[in-house]
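Below is one structure, written out as structure tokens; the observations come after it.
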Amino acid sequence: MPEPHPAHSLTGLTGRDNFPHRDLLSISVLKPWEIRFLLDEAEHWVAVNRAASRKHDDRLAGLTQINAFFENSTRTLLSFEIAGKRLGADVVNMHAATSSVKKGETLIDTAVTLNAMRADVIVIRHGSSGAVRLIADKVDCPVLNAGDGWHEHPTQALLDALTIRRRKGGFEGLVVAICGDVLHSRVARSNMLCLAALGAQVRAVAPPTLMPECVEAMGATPFTDFNAGLDGADVVMMLRLQNERMDGAFIPSPREYHMLYGLTPERLARAKPDALVMHPGPMNRGVEITSGIADHPERSAITEQVEMGVAVRMACLDVLTRSARKVEGWA
Amino acid sequence: MPEPHPAHSLTGLTGRDNFPHRDLLSISVLKPWEIRFLLDEAEHWVAVNRAASRKHDDRLAGLTQINAFFENSTRTLLSFEIAGKRLGADVVNMHAATSSVKKGETLIDTAVTLNAMRADVIVIRHGSSGAVRLIADKVDCPVLNAGDGWHEHPTQALLDALTIRRRKGGFEGLVVAICGDVLHSRVARSNMLCLAALGAQVRAVAPPTLMPECVEAMGATPFTDFNAGLDGADVVMMLRLQNERMDGAFIPSPREYHMLYGLTPERLARAKPDALVMHPGPMNRGVEITSGIADHPERSAITEQVEMGVAVRMACLDVLTRSARKVEGWA
Amino acid sequence: MPEPHPAHSLTGLTGRDNFPHRDLLSISVLKPWEIRFLLDEAEHWVAVNRAASRKHDDRLAGLTQINAFFENSTRTLLSFEIAGKRLGADVVNMHAATSSVKKGETLIDTAVTLNAMRADVIVIRHGSSGAVRLIADKVDCPVLNAGDGWHEHPTQALLDALTIRRRKGGFEGLVVAICGDVLHSRVARSNMLCLAALGAQVRAVAPPTLMPECVEAMGATPFTDFNAGLDGADVVMMLRLQNERMDGAFIPSPREYHMLYGLTPERLARAKPDALVMHPGPMNRGVEITSGIADHPERSAITEQVEMGVAVRMACLDVLTRSARKVEGWA
């Protein structure tokens, strides 16, 4: 596997290097140059998507993309569906609510079925950590993880990294505070791994009950004091408080959570004056973030994150299907 | 804004006039020539759709159409989806049942998200009056109202007007009786505004409990006596009785409603001998309309309304995206 | 209607013969040469789908395919959706769960509505036997039955026949045992008719409570003793035990059912040494079939059945729309 070639201007690749993975299951297996390669590719699609019309590219024409969502997620599904259709793929959605899984079929049988229909790329979201890998092991085509349990959500981390790179110019020495329910968050996990790999100083900021033990292994420094965690941060990434955690098992109440861990203007003042505020959405306004910050024209990058999501997914769908399409790894 | 140019044969437009609205949120803001312009455009699509094969036109190729339905509606969604696909757009559906709205996201955050994904046209159905306008104010692309609360359902009024124009040749002096639950009906509201603007004599025929106070402001004359309302009518437009009104709050029972306000052959005899019968569907046969009338080969235009629906929606999608596609407003 | 022309090498057709049906509602009306014709056509799509990329064919471009599923079925819907999209059709799904049917609309009104939208081909699944024919009688375009009640599931029988023909070379004298809940199975019904028409010796193997009276009329021999039914079989086709039958009304318990009618290695030993094992999926592993058999690399054809499903549906969609596309019946 090639190492970074800093001499290569655009992608860190020499002419003969290819993206060396069939699947995108986790950030943890990606090398820094591979992450940068995907971000560079996504830049192309940001420009295409911003064009007034004709966002269409037919490079995936003739390929079948199956979005198999065993867990509901309107935004992520829409983002992958739009990404695939803009690339010309035949996109079909398999909704878990109506799926054979309900009829008692095993996950592996579902995987084998999708494979037998000759899918060319499969996008999977599943409530159980590791389920996506289980499916990937049984199919012949690239698999993209669109979120699996508490494990990883790699395209979310890539879109967050792209957003930060565009706003801050790079990652070296950047202080990024990831704040909230770190314990249950695949978004936090993928982001810690991704940003640490890219050279940022990552902080995991969470109440003691919502702080996993392994944050240091993922390259982050734990902070249970929110104010301390925000001190001098360049980027404040708020996590969504899942509804199912709001009922007393992990936090006393949404109101108390907001008092202690909600991002208010006073708290944000601890970060750098030009600190960027991020949130993977959908937001609980008034719980983990106040509306004034969420809607702040300069500080908030939340809308930009959504836009980068489509571009990153187009890049991943394109790059991962290149081998089958007999296209080399560079644009 | 230009006024009608009767000299212009097809559309009432001179060469340099364009359709002057970005969105189609309500009939109330349309001038008569704008309504006629959309009907004229729809005529083209009626012919295309009736061709034996190759209904496809690629003028929306490369554009992303998002159908965001916060309220279920199989027919209207199908109609908009077919319309967009026949024009070559990349069509994606956002189903409310699986949407982030359920996760507590605000409607405005949903709108901003769809916009960030660079939608080129958004079709919205929502249970609350005014919700579609709220979304339209937050996005950069054209928005089509596919029904919002009790407010408006403009494409339904346009397809009804097109059906009437094709069957009756015009609107001047035509007596149109809109009958049923006028109070809760966005279909009635849009139709009253549309048909009055086009020169028809519109009657709102409803039981006292289901008659809104503002029908005269919308250009219609109120009738609480069904038989009187039908006298000499050229068009009898029955409204759907919503299931949720059938349980006693507004009417004693579906059976009593049928006795007093159901369209029977005896009642229809009060209208002109060649009166046209319309219904927006889906019908409650035996409640607001008897089967013999609904299926009458000459009198019923109910199936034709469905057909006109696809054509009208193709026209609206085409016309509203012309500005972004740098196409002028005339065909 | 033409009879088989054995002299014609590929399809049993002379140059001027066409597939003489507008719809595919049941196997029962098909002549042997018509079944073979569809299987031959499907062979073409097997090859196309196996190509590394570019599975796309645009022969249905410009046509609208509506999949109206009044009964949930992830696999069959996915299979038809992928088939239509690979042929270039504009495919729209109508989900029963969100359909007007819930609003009290009659099935015929739904059919008339789909027809008015100028569908070019309609694929229907419905829980009631005969519902698909009712719809077909009301529309102007070809209708494909994707399963109706206990009646028929013709594309399942065709894909099963294609799988058998590819593995066994033909049907003449082949012993096929169809085992399980034959009574409630449209899959069994269509398969008995199809395989008998093609010359196989078909056995219906079921517990007495799940054996219909009419199996002999469908060309099959009834066996209530599972072991006897398997003796010397070339093909063992297991049926899915529907969950709703597992609770005591028809069988004592899934465990008892497995003991008496589950396919185990010991039982399979009664069949020929090279017997093929089939299942329409989704499987209840450990109930009607053991995992060792389901996953057997040589004996099990279960995954291949799924693959053949897409090819058979592409063939049917292509053949049935040829008349409207002014294409003659041979490739």
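The first chain written gets the first letter, and so on, giving A, B and C; residue counts start at 1 in each chain.
The definition used in the following text is that contacts are C-beta pairs under 8 Å (C-beta built on N, C-alpha and C of every residue); 3 or more make two chains touch, one makes a residue touch a chain.
Because the structure is predicted, anything quoted here is derived from the model rather than measured.
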{"item": "Co-neighbours of chain C and chain A - touch as defined", "value": "B"}
{"item": "Numbering shared by both copies at the chain B-chain A contact, with half separating same from different", "value": "different"}
{"item": "Separation of chain A from chain B, taking each centre as the mean of its C-alpha atoms, in whole Å", "value": "40"}
{"item": "Junction residues of chain B - those touching two or more other chains", "value": "95"}
{"item": "Contact footprint of chain C on chain B as seen in their complex", "value": "49-50, 52-56, 72, 74-75, 77-79, 81-82, 85-86, 95, 97, 243, 281-285, 303-304, 306-307, 309-310"}
{"item": "Contacting residues of chain B [partner chain A, same complex]", "value": "61-64, 66, 90, 92, 94-95, 98-100, 103-106, 109-110, 112-118, 120, 324-326"}
